[in-house]
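So that you can tell them apart, the chains are marked A, B and C in the order they are listed, and the count of residues begins at 1 in each.
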Amino acid sequence: MEKIIAVDGLKKSFGRLEVLKNVSCDFARGGVVSILGPNASGKTTLIKSILGMVIPDSGNILFKGNSILNTFDYKKHIGYMPQIGHYPDNMKIGQLFKMVMDIREQDAVDTDLLKAYQLESMYQKTMRTLSGGTLQKVSAALAFMFDPDVLILDEPSAGLDPLAAEALKEKILEEKSKGKLVLVTSHILSEADEISDQILYLFEGQIKFYKTLADLKQETGEQKLSRALTKILSTPSC
Amino acid sequence: MRSLIVKIGLLFIMPLPAWANTIIVAPGTNVATIKLAVTIARNGDTIRVKKGTYISLNTLIDKELTILGEGRPVLDARFQEEVLTITSGHVKLDGFVIKNSKTGSMRDFAGIRLSNVEFVTISNNTLINNFFGIYLSNCKHIRVVNNHVTGSNNIENSGNGIHLWKCKEILLNGNYVTRHRDGIYFEFAKKCLIENNFSEKNIRYGLHFMFSDDDTYRHNTFKNNGSGVSVMYTRRIAMLDNTFIENWGSSIYGVLLKEITDARIEGNHFIRNTTGIYMENSDRITVTHNDFISNGWAMRVLASCNKDHFTQNNYKGNSFDVTTNGTLKEIYFNDNYWDKYEGYDLNRDGTGDIPYRPISLYAQIIEQNPQSVMLMRSFIVNLIDKVERAIPSITPESVKDNKPKMKPWKR
Amino acid sequence: MLKIAKYIILDIVRSKVLLAYTLLLLAISLTIFMSDADVTKGLVSITTVILIIVPLVSIVYATTYYFNAAEFTEMLVSQPISRRAILLGKFIGISSSILLAFIIGVCIPVALFAFSLTGITLMVSGCLLTLSFISLAFLTSTITRDKAKGIGLALMLWFYFSIIFDGLVLLFLTLFADYPLEKVMIVLTALNPIDLARILILLQLDISALMGYTGALYQQFFGSGIGIVFSLLMQLVWTLVPLLFALKIFKKKDL
C-alpha cells in the first residue's frame, strides 16, 4: 500500500524531558492505526508533530513524499479532532464551520456527522453555551467535513455519549473503506479492538511495537486486544 | 483718564486762518517736490500731494502746514537720509507712503522725525523699510493715528517702530507696527495714551518702556514678538484690556514688569505665552479681571515683589499657574478662578471651601531642574502634586487663594 | 489573516468585557465633557485617565484573550494556514476590537465636544498606545506558557511603564541635575510608549511651557515638527517590534 505519512528519526524534548526518542514509522492509505501507550508516552506529541503544532528537534516527517517542516499546505488533506475542543466563547457553531471553510477554501462536502449529531439545528448557539459532549461532536463533524485523505483523532470518544461514539465509529470504518488513513489515539482498548487494522504502541518515547491487529492476536494467541497487550507487554523480550 | 483724552482732543481743534492757500504738488509740474512747496508756503497753508513717487531726502517741514497725500504718494529716501523731519508745531501729515530711510549706527535715521514740537498729527501713513519708523523727541500733544509701520526685519540693525523720547501727553491710536526692533518704545514719555494699537512680530519687544510714568495702555494687542513686552522703572501706569498673545521662548514674557510700582493691570488677556506676567521688584500692583489662558506659566512672581494683589482673574489651561524663586511676602490672591482647583463648595456660595495653592510642587521642581519638564502630566508628577496639595510641606504655605471661585468669571 | 481577524472581531464584539470597557470610556468622556464647560480642561482630564486605563485594559485584555483562545489557536494551526497568518490575524482581530472600543468611548465624544488639533492628537496617541500595548501583550503571551504567568507579566509591564519608569527618570534627573541630559531624556522617553503618547499630547497642550526651556536640542525637538514625528515613529516601533518578536517566537513555539 501507498505510504502517505512517513516519520523518520523524530526526536523531541520539552526541557529536560525527552518525549520522543528517535521515532520512525510509516502510515499507509486505507487503514485505521491506533496509537496506544501509557500516559506521557508521546502519543499526543507524535500527532501534534504530524500536524505541525509541535516542532521536532530533529528528524523529518514526509506527507505524500514531501517534508512538512515549515509548510502548511498539506493540512488541507488532514482532518483533526482534538482531545478537548475549545473555541472562542461568543462564536456560533455556524460561524465556526463558516470560518474553517473560509480558511481551507473548501466546501463542506461531508455532512454525515453534522446530520447524525443534529448540529445544523444548533447553528445559532454560541460556544460558551455548549456542553463538553456537544463540543466534541462539533470537533468530530469538523474533522470529517472536508473529506480529507487523513483523519487524526485524539481520544475521539472521550466525552461522547454512547450513541454518538457509535456513530463516530461507523463513520471511521466507512472512511477507511474509502481508502482513508485514520490515526486514532485512545485509552479505550475495546474500541481500538473494534476499529483498528494496526496498533502502534509507544512507550517512553519509543515505538514498542507496530503491528497489524491480526498479527498481534496471532502471535499472542489471544482474541481480545486487551489481553494480547497484557501478554505481549509482560514478555520482556519485546 | 477721560480728562486726558478731552484735553488732548481740545488742543487739536485749531481754527484755520481765512487767508489759507492750497498748494498742489504733482510730478512734472512747477511744484514737483514737497520741499519746494514748503518753501513757497506760509503758515496755515495746505499742501496737497498728488499720486506719484517723490525722492525725499530729509525734507524739512518748518512751517505750520497741513500736508495731505492724495492717492498714497510715495516719499522715498533711497537709503540716503531721513525721509521727513518736522520741526514746526501745528503740522498735520496724512496719507503718505514713507520708505527707505538710511540705516546707521551713528544716528537714528527715521521715516518721520518730530523734534521739539507740539500739536502735530501724523495719520494714515504707511511706513516701509525705515530704520526707525516714527521718531518723537522732546514733543508734546502729538497724535499718531492709524499708521502702518513695517520695518526691515534686519536682526543686526533695526530701529524701533514708534519711538518716543522725552515726550508728554502723546496719543497713539490704531497703529500697526511690525518687523522693527521694538514695536513701540518709550523713554521718559509721560501721561500718554496708547490705545488700539497692534504690535506683532517685532524682533525684540512689542512694547518697551522705561521711566514713563502715568501712561495708559488699553485695547492694544502684542502678539508673537521676539521677546514679548518689557516695561521697567515706571510708576502709576494702567494697562487695561490689552491682549498679549503667543510670545514664546525662554525668558520671553507676555509682560515683564521690572521695578514697576503702583500699576493697575486690568481686563487683559494673556493667551499662549510662555510666561504671562513676569514680575520683579514690582510693588503695589493690582492685577484684576485678567484672563490667563493656555500659558506655560501664567505668572512668575519673584520674591522681590511686595504688596501685590491678584483678584478676580481667570486662570485656565495654563501648564503652571504661579511660580516663584523664593519666599513670597505680602502677595495676595483672592476671588480668582483656577481651573486646577479641586476643592468643593458645600454651602453653594460659588466660592470653594478650602483654599487653593497656585504654586505646585512640580512647578518648583522644574524651577530647580528645568530638564524635568519632560515629565509633565505623567502619573508620578500628578501623584506628587496631589500629595503636596493635600499636605503642603515644600510649597510656600502663605501663597494661597482663600476664596477660589468655583466657576470662571464671565467677562 | 484577515479571515481570522474577521471571526475574532465577530467574537470579541459580543464579549461583555469589551462592552464594559467601551461603556467605561464613554462614561468617563461624557462625564468630563458634560460637567465642565471648559473643553481644554476636559481634554486634560481625559488625557490623565487614558494614559492609565488604555494601556492597562489593552495589555490585560489582549493577554487574557490570547490565553483563553489557546486551544482555538491549536485548532487553527491544524488547518492549512501559516502561523504568521494566524498570529497577525489574531493581532488585527484583537486590536481592531479594542480600538473600536476606544473610538466609540473616547474618539467620538472628543470629536463631538472638543474637535481641535489637541483632540485629534489625543485620539491618535490613544490609538497608538492601544496598539503598542496589545503588541506587548502578544509578546508576553508568546514568551510565557501559562495564563497566570502571562497576565502577571502583563500587569508588571503596565505598572513599570505607567509608574515606575517615570519615577526612576525623576530620580535620575534629581541625582544628575547638574549635567546636560537633553539627549538622554529624549532617548529615555523613547523607551516608554506611555511617555511617547504623553509627549505627543504635551506638544499640543503645553507647547507654551515647553518653549520656555533654554536648551537648543529641546527647542528644536519641541518647536519644530521633529518632536511629533519622532514620537509617532517611536510609537510605531513600539507596536511593530514586540509584535515581530512575538511572531518569531510563535513560529517556533510548541502548542
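Heads up, the rule we're going with is that contacts are C-beta pairs under 8 Å (C-beta built on N, C-alpha and C of every residue); 3 or more make two chains touch, one makes a residue touch a chain.
This structure is a prediction, so every number in the text was calculated from the model and none was measured.
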- Looking at which chains touch which, would you call it a line, ring, star, complete or other? line
- Chain whose Cα centroid lies nearest the overall Cα centroid: C
- Task: Calculate how many whole Å lie between the centre of chain B and the centre of chain C, each centre taken as the average of the chain's C-alpha atoms.
- Result: 46
- chain A and chain B have mean C-alpha positions lying a whole-number Å distance apart equal to 88
- Message: So the centre of each chain is just the mean of its C-alpha atoms; given that, what is the distance between chain A and chain C in Å?
- Response: 42
- Message: Quick check: in the complex, which residue numbers of chain C touch chain B?
- Response: 38, 40-41, 44, 47-48, 51-52, 162-163, 166-167, 169-170, 173-174, 177, 181-182, 185-186, 188-189, 195, 198-199, 201-202, 205-215, 218
- The chain B residues in contact with chain C across the complex are 248-250, 252, 272-275, 294-297, 316-317, 319-320, 339, 368-382, 408
- Residue positions on chain C within touch of chain A in the complex are 3-4, 7-8, 10-12, 14-15, 68-72, 74-83, 252-255
- Message: Looking at the complex, which residues from chain A come into contact with chain C?
- Response: 14, 48, 51-55, 72-76, 78, 80, 82, 84-91, 95, 99-100, 102-104, 126
